[in-house]
Structures are given as structure tokens and as C-alpha cells.
């Protein structure tokens, strides 16, 4: 049209728009290997449980650890604020729908109690599993040493958007290179969605990056602040940074897609988009053993002035082992995620996660999903 | 295909299709500054209240003025036609749904009373806030001097589509360059959606442009007359004209996105699309103090022969201060719009509105949004 | 990807995806002229009523003729088969929903009675309006002379897809160049959707082309036989053929968009896509005077073996004059279509239909419309 | 943007997004010929019935064979596991909705009984129709000889994804070139969706390829394992391979689109995408004579650990002859599929399936389909 453009708008992709295309080879699912490495730590399955209070308690961290994955406990959540989080969790679950946000705001206004942090780490360690804990950038310098001293194995530094450079009036921004040098356990940072930002984070020496801003079921960042990048593009961009950083340095930083994954299909698409592992919220919160009693809410939900995310009813479906490793009794992809991953790898002939990352993705708007809901409506 | 094309169709973008992508820096929200300038006038927050009778009364103009924004009173609306608009507003709110359009048509057939215009300006000025009033192009030459004499500080000349050139049988088209010279207060003109049309308007000497044709919740221009350009593209094109005009002349004309903004996310996207400020209708009409008592309707709704826009029930949510400045008790982005703007700027590392205009936009079809509306519908 | 392509798939556009963009000039609606020419005939408004039995009776043809448009009576429909179509129309309207198709199949199995054809033409002529009648290609050679002799002014030859070349075992294909020479009244042919096919039809000497395959509300060609081209692209392609044919020959063949138009906005978009006039079905069937008593069905609906199209309930809204010329009491664009056309032309500064055809179209997915329709469905 | 891309994402197309565009010629439907060839076998209509237990019993295979098509019996389904499948079919149909998957898992855990396989083949052969049976790749080497010896005419080797190369720990992968040489009846293999994979399969000597992964109404592969390619693109790619293979070798391998086809329109689009024939599931399961008694489920639905696909209620509509060959009493395209195919071929002027494959496809998002549901909601 000859009209000057104020800016370009780049097309990005989400899970619902893409599908995996098979290739020239198929293999039996039992020939696939799906282990995941974070720094020196190795995990049998490439699944982390989100640092959400409705998903990970010390007990749930023990269960997922024994299944081969990694649960991340939010030390700034209820377990870092209350001696008896169980009572508080029931209070949240029992709040009427219209008061849920106000109840969350009130409950999370209780202060973090430093004396609880070490206790929580020890609770997890007593189960003989890897202990991962999460902190926000603001509190990391102050609280991380406590957790490390108590025996934490992995530190996750997480906020809605985390970059290598942060400017604040009230505190000196966290310097990740200093942190990595100081605490000596693997550091995972997030969330992040871009090539350049993840490259800058990798250069600080961290071991993993959480990918995903705005996509989770319990997150409304896109509505509230307009920010968000769909997970397929976000994962592809951060994976491209991982490849470039590895090419330059020989050091491999893990990419973990976090948010928006509820089904085996979505987990598979995340890995084909370049992820080394995924972080799950809703599927974990649906486990019989989950602390949320059938509810889930995000870490930004209780913000005192600008809550982002609602308490959603996710239901209780099955023991965590069955959700993750099957057998499945449902056909919508929400159970036996590990089995689904291995079946999918078999169908595209991938022996390893690295090979699966090379599978083909196609853009295929999910019209059937719409049709299906129509069909169901017809039938009932 | 080798077939001659009758015309090109250009792809345009709306709020629901795009999202803001974070960058390499994050800052604390309290470090952002969000002031807005219109000619010589400066405002603490970049928010105008729409010249809709359900949104702005003299009283509401006072409230938003004290919060740092600017309310625009429609002098050709109920306040310019009735001595006691309050009674008429109740009549509109109480009309049964199926009769609402007919009732609006009847009520707005009452004549404009010139003697009321100055009174309304004075009512606003008594509150010691900036007074902005709106007129249509047809009546501007006749009525603007009355408002200016009474002390109006800003003149908004507004109709569905306004261009620098208008041809009419019944009156000589308004010449904006003459108007600007004559009335000596800042003139804002709209609505407009294109690069060329806004460039021509800027050349007449006006201080601001309202961007948006067809996008508002209470507007059905697209259904009735087929006309409309989505707000992201419209704002980007008018912002490109502003940059070009500034490059040529050194004079900065403000771009104000008007219509279709209900959430913090949409306000943020408007600014990242290039807006200097936004004009809000529905969020203002939802304030406890709004004259519409929970309803809203557009300025074209009462047209006697071709009404465009319906009376919609928007509900009453909270005092205006809470809607604009928080704290929010909801998580859908409809409260604490100023807080959302500052949070969003923090996440992309923008200290000022001008820096925020430089953030990245991605095309990311809002699949989740559809799901959400479904969920809400299910629940009610 | 380097994979050979079996065929290209061309992107096409429908009404819901596009919108009209304003330009640099606006004019008052009362300055527009909207007349339409077909051969030597001139009409005050560019609107034809569809040759559907639920839309056009001899009486309705008289009413629309007096309003300045043109009604087309289907001589192979009920008026060509029954002495008393009124009784049959009530029977159709009163059939239970699930039996409607079967009832239509039975009713339309009655034979065409040649003696009725001339009577119907005379009924229309008695009202002193232009008389247009429709026939299918199979029956045109046999029945057209009867209608012409009785005084018909316009012959419409119409089937789902009509081309200049048709091959049949049972009858020699209709040769349009022979027909045009023989009957001496303007011939309109359709339906057609492509540049080449309409160019070939123009070369036979016809005066108008009906554009549209698959888009009407009462048509299910796309579901049943997979065939259909959205109206914006179809109209643009046929309009490009009209321009090319005019450039070559100096003869102007009118393009009439037929199907899928229910609102003023859609009528405006059809013209901006290049149409000289539009043919309406549903809006006409909604008139108080329409023969369908609030129902509508397509010409292919009663096919004995492969019915395409359902009897849909369109309701009765207002007298035809009000639907076409206003005033409107609704805001969804379904009333005062002429007023909407003139308002739209005013907003883009077009004095004539030819100038309006030059307006800009943008691709702007109608996200708002979807949300709204969903809401309505839930509420009822 | 200058950012390195992790991988490309190719745009693919499904039935709902495309439509067939007419050309320059029309012919009468009775002049079309629609026969289909598989190796040396010829069929009057290009329709196969899916190897699903709810669709094909020996009795149904006889009926479709007499209509000119080909039914495929799944020898690893109920007819290969139970002496009296009828009783089991009723048990499935009567299971409450929420237990359907569990019931299927239990029923299909019964072992395959080799003694039944020959009996089933003979049951079909007694009706003097072509007998086609389906096996999975794992069991083909063991069970195919039994079926061939009993007189099977066509062998279908089918699993979700089948390639020329398969690697397994527990059994040596099936070598198709050996199989083809050994059994001497036409072999059809599937499912497959890509150019390269189908080319490799053709090179093994097989006679037909089933195209389609993830699209069927009773399939949830896309949700569970993320895999799927929409049918228009999948068919086009495999058809391109067929053309290339034919160009190289002079041997013609048939492409059969399998899955996602419920209407005449979809069948027509499959053929215009390049298919020689289609395989139907839901439309067959809706026949009065179908074994599923109004229900349908996929072959992967009873998987013990990872079921993919649900038991859906498809209803019972009409005798198979009426569903396939009409007359139709409905207008949604689900009856008289053969009539629809011939009508569609007539509208684009195609005398044969090969000519129909050359028709034009356009990308035309099916907005009307959404509109239709709106209409229905209004009416009820």
C-alpha cells in the first residue's frame, strides 16, 4: 500500500494450531528413552511439577521424585508462610467462587517466615528425592542461602517475566552470574520467551530456562497486562538460543516449557518445538495427592493490587502415578502422559528426546476440536 | 493464478489477535512514568472518558479529572438537550430490552438547547478540572464558540468518520484550519483510522486525533454500514502519520485510541500499537458514579433512521478510582487499568509511554479467550 | 519443503472477514446516487429480490418494483405449478420441522403448467412495474418464449452453476448467444463465481451475471457437494471480468451479487467488492408481504434425490418498504438497507456506485461478531 | 526479525477450510463415471467401509459389496475374538457413557482366535462379493496367510502410522516387499500422510495407500499424542507421490482418503485433493444394517494403557443403500453420497474421477457453518 509501517507484527504459534507429522520410520514405544538432564542431575522422565501451591507440597514432591520427575516447591507460597498450610488450603477450596480472589489476596498477605524454609527443604529431602525450590528474584539473594544450607538441590528463580537485567528503586537487581557462582547448585530461571533474553540468561551460567509467559490455564497475564507469547513459538525461540549457545560454548542449558500443557499431545508438541522437558501445573493439581483438593491458582493470583489468574476448579482425577504413567481410562489425552510421549516418539521414529525435537511440525488449525464439542452437545 | 485482481485486500489486526512480547530488560512498575500531553495541557494518566451520555456527566468529568485523566462531555447529548438529564437516564435504563432502541430514538429527538451548553461547561469548571466537550462537525461552527466562551479547555469534534474534507448540500463543510485559528483551545478530531486521513487532519493544526471506527462494544457500524478497521492496525497507521508529521514539522500531535478497550491488556496493546493515550467507554460506564446506571450506548444508537449500536448492560462494578487505579478484586483485566499499564511497562522494561510504544507485538490468535467466554457463559 | 505440490490452493474471502476502510473525503448521504442499470433498463435502487418462492410472488414483485428495485419470479416454482400457490405456501409453513424437506420434495414434484406462466407475467405487468422471471437452463428454450410473449421484461436463467458450455445426454445444451439473439429482452445468467466463466458468459451477449455459489443462508451446496466460493472473492473476480470485457468491447455487463446478504454491511461490502447490484433472499422473505409467511427455502431444497438447503425460519419483521428504505428500529443492520448504503457511501466519500466500488477493503476477522452470536445462543 | 528459526512450520489444510470452485464447463451428473480400480479389481463406486467393528460385519461387507463398494473387516476386532460378536456389540452399546472406554478395554482384552479368521472370510465370500480384511503390522506375518488361504481378495495392513521401515525389539519389522511377493493378493497399507513415506511404501509393491492420521470423528490421536495432518494436505501429498511414482514406473497405486469424511461435500473434497477413493467410518456406522447399533469407536479406542478415541453416538439414519446412493431426505450432505459426487462432478464438468482430481480448490474458511448453528439456536 506504500503506507509506512509503524512496526512489524510477527506471527507466532500455540499448541492448538500445530500438530506433529510422522516421518519415514516407526519404532516400538518401548525402544524410546525419555530421560532429562539438568546440570549434573538426571531424571527418568522429562516432567517437572510447577511451583504452585495447589500442585506441589513436600509430599507431592516426594511422589513425583520417586516417579522419576522433579517437583518444585514454592518457598514464598503457603509452605513458607504458614505452619499448617493444610488448613489454609481447605479454606481456599471452600471459599465461594465470587470471593476466591479476595480470599487468596488475604491469605497470601501473611508474611514469609524464614524459619519454615529450611524445614520444608528437609521434609522433601527426607524422602530421598531431589529437592527443588522456587523463589522470586526480589527475595532470592536473601532466602536462597537458607534453602541451600538446608540441602536444596535445585534453585528455581521465577517471576512472570525474568531477564538478565532488572532495574529497581527499592533493591539492587539480582545478578545471576553472582548467584550461580555463590550457591553452587543448578539454577533454573524463568519465565522467558525470546531468543535474545534466553541467550543473555544462559550467559550468566544458569542450567535451565523456564519458557512461557501468559499461556497457563490459571494465568490471565494476557488479559490483564496484554503480555504473552504462544508456547510453540516461545519454545522454538528459546531452543534456538540453546543451540546457538551450545555451538559457541559447548555447554548445554535445558529448556523447560512451562504453562499451557494439559494433555499428552501438548507435552509432545512442546518437545517437538525444542523443549528438553516440560513443567506441568493443571495435570499435577488434578492428582489425588495434590494439595489443592481439586482447585488450582497461579502465583500471580493473590497479587494485592493486580491479581492475574483465577482459582479454577480442575477436579481430582486419579493418583499422580496414573496421570503421569497410566494406564489411562480416558481418551482426551489427560492421562498417561509418559505413555503418550513414548507412543508419539514411536510414531515418528524418535529413539530419544533429542531426536524427537527434530520431528516435523505442521500448522493445522484444530477444527476438529470445535466440531467435537458440537457433536457432544448433539448427543447429550 | 494469472487472474487479474479487482483490488487488493490488506490484512489488518485487532486487539484479540496480538500480544506484547517482553524484551531484554525488566523494571519495577513504580519506576514508570505514564503522563500524557495534549497541546500545552498535561495529564497524569493517559486516559480519556468517552463523550457518551452513559459514561460522562459533569460530575464524572470532575472525578476523572481529579484522578489525572480527562472526561469529555457530549454537548449534543442529554446534557445539551434536557434540564434534568437524570430523569431521562433512568427512563433509558428502565426501558425493556426490546424497546430500548425506540426509546433512545424518541429521547434524542428533543432539540439541543443552546442555553444549557454554557451551564454544563461551568458545572465542570467549578470542580477545578480541565473541561473537554464534544460536538459533531455539523454543529461545531455554531456551538463551539458558546462552549469556549463558557471556559471549555479542550474541544473534541467527533463523528463516526471525520476527514479534513467534507462535502454537504445543506451546510458548508467545517474547515478545521479556520476552527483551530479561531477558537484557540486544543482541538481533538475523530474518528479516523488511516495514515493519509490523519496526516491531512494534522496539517490543519489540530492537537489530537481519536482513532477507531467500528470497534466499540456499543457500536455496530460494521454490521450496519460495513465500515471498520481493527484497532491495532488503525492505531499503528495513525501513529505512523504522527511520526512522519513530527519529522516534517517538529510538532507532536497526540494519537488517542478510542473504542474497543475494556481491559488493561487492551489498553497496553493500544499504546504498544502507537497510541499516546486511550479513550474508554465501557470501563467508565461501569463505574458506580457513571450516569448510565449500568447501561451504555453509543452516540449513533439513537439515529432516527439508521441506529447503529445497542443499549448494552455493562453492569456497575466499582468506584471509578478503583476501576482506573485499583486495587483490583477481579482477574479479567477490567480493574486497575493504571496498575496494569505500569506492570506491563515494567515487564518490557519501558520507563515512559514513548518507550512502551517501541515494544514488540506478536500475532497470537487468542485461543484461550474463546475458551474463557465459553466458561463464563457456562457458569452464569 | 521441496515436496512437489499436487495443486495450489488459492485464498478466498467472505463477507465476515472483510470490512470497508474510509478514505480522505466524507460526503452527506443525501448527495449519493445509487441507481442501477441493466441493459437499457434503469432502477432507482440496486436491489433485486431472489427468484425464491418464499421471497417473490407477483404481489411482492409489484411492491419492490414500485420501491425502485426488481423482483424476479421463479416460473418453475409454485406459481408455475399450482393455480393456488397460497394454499401450498401455508402447507409448507405448517409442516413440522423434521418433515419440511420431505414436504418440499412432494410439493415440488407437481408438474410445471405452461398455461400458468403467461398469467403470472401478466399479473406482474398489471402493476406497471418491470417484470423479471427466472427459468433453469434445461427449460429455457421451451418456456422462455411463453414468458416473453406474455410481456416479460427481463429473463433470468439460473441454476446452481451455469456456464457458457453445458453437456447433456438428454437435451442439447442451451446456447446463450442464440437465446440472446432470439428473445431480445435483457438476459441475466447465473450463478457464476469465476473470472473466466463470467468472461465467457459475457461474450454470449447477456446483460447481467448473478454471482454466488454456496453462500446463501438457505443453501447447503458446500456441505452436500463441496462446492462454493466466498462472495467477496467471487464478486471481485467477476467484476474484474466485467472491467476487462468493457475494456475490450465498450459494453458494460452488470454484476449482481446473489446470496449471503442479510445486512446493510454485507450489501455495502458486495458493492465495494465490485458488484453493481445485489440480489436478496432472506431480507425479502422477512417482509410482511413475503409469500413465505416467515419461512425461506432455496431452489435446490426440493430436489427429489439430493436436496440442498433447508426450510429455515426467518421470521416476519416489517413491511418491505421499511426493510429496504427504513426507518430502522433495530441496530443489527437488517433494516433500512438503502439508508445504510447511502450512509456508508457518505463515510467513504463515494457519490456513485462506481465510486463506491473503488473504496478500500481490509481483511479484518470479525471477532466481535462471533462472541456476540455465542452469547445470544446461550441466552435463548 | 533476524532471529534464527528452530524449525519451519508448514501450513496444512483440512476439509472445513477448503471448497471446490467450478470451472468453464458443466455436464449432466448422469454422464459421469465414478468407478475405482485397486490392482486388477474394479469397483463401481469409490467407497470403502472402514475396518471398524461398529461399521463392518460380514453382513455389512456383503451389502456394500453389492452396492459396488468394498467393506473391510477387521480380523483383529470382535469378529476375530468372539464366536458371538453380536452379544458383545450390544454390551458396548448399552454401557453407560462414562464407562464406555473401560468396557471397550475389557472386551478387547479377549485373545484373537485364529480358528475364527478363516470362518469370517468365508462368511463374506458366500455373498459373492470381494472380501477385504484388515490386520495390524505386528500380526500380519502370522495371520495374513490364514486369511488368504480362506479366500480373502484384499489385505489391508493398518495401524495409526505405518511406514516402510519399522523397528521393534519384540518382533522383526514387517517387510512389505516380502509380504507382497508372498501373498499375491492386492495389499493396501496405512495410515500414511506424507509424500516421502507413501513413495517408500509404493516402492514395496503394494497396490493402495490409506491416507489419514488423526482426522476421524472417533479418533483422538491429536489430543493424546499430538500427531495428525489435516486430510486435504495429507491427500494432496500422497497423491503427488502417486503421480511421481507413476511417472517413474508406469504403475498406478491407489490413494484412499480414510477418516474425517461424513458428508458428500467432504468426499468430493477428498477426491479433488487427489484421492482415487474414500474410506468411510461414521456414515457406514449410521446405516440401519451397521453392527454398532448407532455407536462408533476407533481401532485405538480399546488400547489397554493409552486409549485414543471415544465411543460416540452416531445414530441410525437409513439403510446403507440410501445413505450411499439416495434418495436423500436430509440437506446436510450426509445422505446420497454417490449422488452428491456425481452432482459435484457435473458442476465442475468432470467426466471421470481423474478429471475431478484436477478441479480447483480454494481456501475458504467455513464461516457459514458457524452461522448455521447460530440460526438453529435462533429458531428453536
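A, B, C and D label the chains in the order they appear, each numbered from 1.
Everything below uses one rule, namely that a contact is a pair of C-beta atoms (placed from the backbone, for glycine too) under 8 Å apart; a residue touches a chain by one contact, two chains touch by 3 or more.
Please read these numbers as outputs of a predicted model, since none were measured by experiment.
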For this session: Could you tell me which chains are in contact with chain A and with chain B alike?
Result: none
For this session: Tell me whether chain B and chain C, two copies of the same sequence, contact each other through the same residue numbers or different ones, using over half shared as the line for same.
Result: different
Seminar exercise, completed: Taking each chain's mean CA coordinate, chain A and chain C are separated, in whole Å, by 55
For this session: Take the average of all CA coordinates in chain C, do the same for chain D, and state the distance between these two points in whole angstrom.
Result: 39
Exercise. Tell me, which residues of chain D touch at least two other chains?
Worked result: 10, 194, 196, 373
Exercise. Inside the complex, what are the residues of chain B that reach chain A?
Worked result: 8, 10, 13, 18-28, 30-31, 194-196, 232, 236-237, 239-240, 243-244, 263-269, 272-274, 326-333, 336, 339-340, 343-344, 347-349, 358, 360-369, 372, 379
Seminar exercise, completed: Given the complex, residues on chain D that touch chain A span 1, 3-7, 9-12, 14, 16-17, 101-102, 105, 160-170, 192-194, 196-197, 200, 213-215, 217, 220, 222-230, 233, 260, 301, 304-310, 312-313, 373
